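Dumping the structure here so I can ask a few things about it.
Going in written order, the chains are labelled A, B, C, D, E and F, and every chain counts its residues from 1.
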Amino acid sequence: MPNITVQLFPGRSVETRRELVAELTRTTCAVLGCSPAAVTVILQDVEPHNWGVGGDLFSDKLATKAASDGDAD
Amino acid sequence: MPNITVQLFPGRSVETRRELVAELTRTTCAVLGCSPAAVTVILQDVEPHNWGVGGDLFSDKLATKAASDGDAD
Amino acid sequence: MPNITVQLFPGRSVETRRELVAELTRTTCAVLGCSPAAVTVILQDVEPHNWGVGGDLFSDKLATKAASDGDAD
Amino acid sequence: MPNITVQLFPGRSVETRRELVAELTRTTCAVLGCSPAAVTVILQDVEPHNWGVGGDLFSDKLATKAASDGDAD
Amino acid sequence: MPNITVQLFPGRSVETRRELVAELTRTTCAVLGCSPAAVTVILQDVEPHNWGVGGDLFSDKLATKAASDGDAD
Amino acid sequence: MPNITVQLFPGRSVETRRELVAELTRTTCAVLGCSPAAVTVILQDVEPHNWGVGGDLFSDKLATKAASDGDAD
């Protein structure tokens, strides 16, 4: 019965998605004692320019970080 | 007031989406007795490589089925 | 595969919920051609004081309507 | 702690998304008294052909409106 | 068209909920240029024992903070 | 950044919820390589009479199973 939805940044490979679905299912069954067949997992890609925290877009935070990392090199 | 969200595999035509929205609205009004104008429907396409059940991605299940269907031909 | 989520006002009986789940499943299968076993429906009760449109809470709209209906009697 | 999700039509610029995230965060903090760092905002683009009200797709409503505006010119 | 969903801790008064819905609607219309009638807001209460960040439940974080505040008095 | 939402049947203890949040966070970080502080988990209890699959409510499926288990004793 558990439905799991994961919102994450885009760009992960299908291999990583496969592993994430398998591992989240395994972890959920281990804790809740349900059967894997009952567990549904949906992954939702959210672009950094559509995701903000503290009033700022992650796309801007990432750009700022990349620039300061560039200065540090 | 009812808000309906449907998560489904991508690839359906606009005609099918039109019919699904109309029919889900009609069904909801018939059961709940609300007016169509109160019903909102949102369709969310979810790729098979972003949707898993039983720990496996649907994209893998579909590939396995296609292969075994191919063997059976 | 279709996952359907319905947000609606609380207060519906289990019978109504049973009918809504059955009818939404039947309608979805008729339009999308999927099997009933693939369709999941989740109902989410949302109190009128937690639901607003046009900047107003539905609880206030319902109270205003009840008052004006009372005047009209 | 507040998580805010906004479903809207696609096509808004990054500047508009930046302003929406900043302003919704500011407004939420002003009303709830929480700190901006606690507020997460996610924007979900929903195509008009995936969004219906009153049983009709918005894509159809927009097309009908555009045609009647065209006649009026 | 914008649908806004806000997940927040329970316990806010109806007055606060009324203000939050009104202000989020006003802010959204100011940024997106849409009409208030098009904006839907849904508030979802999430208990601190159902909300975690960094692997810890907020209920535990709040209890730890309360205890340390108690020591500081 | 990953936001995880888990819909599950009510009735789990706070200890189980604590473990589920901790383990899902650990698993997500192990697969995605993100830091625990970036991971948010929200648990949503869904009553069996609000959750259906194959057109039937889980509350009815559970009642039927309990009855047949009772016959088998």
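Everything that follows uses one rule, which is that a residue touches a chain if its C-beta (ideal position, glycine included) is under 8 Å from a C-beta of that chain, and two chains touch if they have at least 3 such contacts.
Values in this document were obtained by computation on a predicted structure and should not be read as measured data.
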Study note, to complete from the structure: Contact tally winner between D-F and E-F is E-F
**Study point:** Between subunit D and subunit E, centroid-to-centroid distance (C-alpha), Å
**Key:** 18
Revision key, fill the gap. Expressed in whole Å, how far the mean CA point of subunit B lies from that of subunit D is 23
Check your understanding: Where does subunit C touch two or more other chains at once, residue-wise?
Key -> 3, 7, 26, 40, 42, 51
Review point. Line, ring, star, complete or other: which one describes how these chains touch?
Key: other
Review point. Which chains touch which?
Key: A-B, A-C, A-D, A-F, B-C, B-D, B-E, C-E, C-F, D-E, D-F, E-F
Practice item. Give every residue of subunit D touching subunit B within the complex, in rising order. Key: 7, 46, 49-57, 59-60
Revision key, fill the gap. Listed in rising order, subunit D residues that touch subunit A in their complex are 14, 17-18, 21-22, 25-26, 36-37, 39-45
Check your understanding: In the complex formed with subunit B, which residues of subunit C make contact?
Key -> 1-9, 12, 16, 19-20, 23-24, 26-28, 30-32, 51, 58
Review point. Quick one: in the complex, what on subunit A touches subunit C?
Key: 3, 40, 42
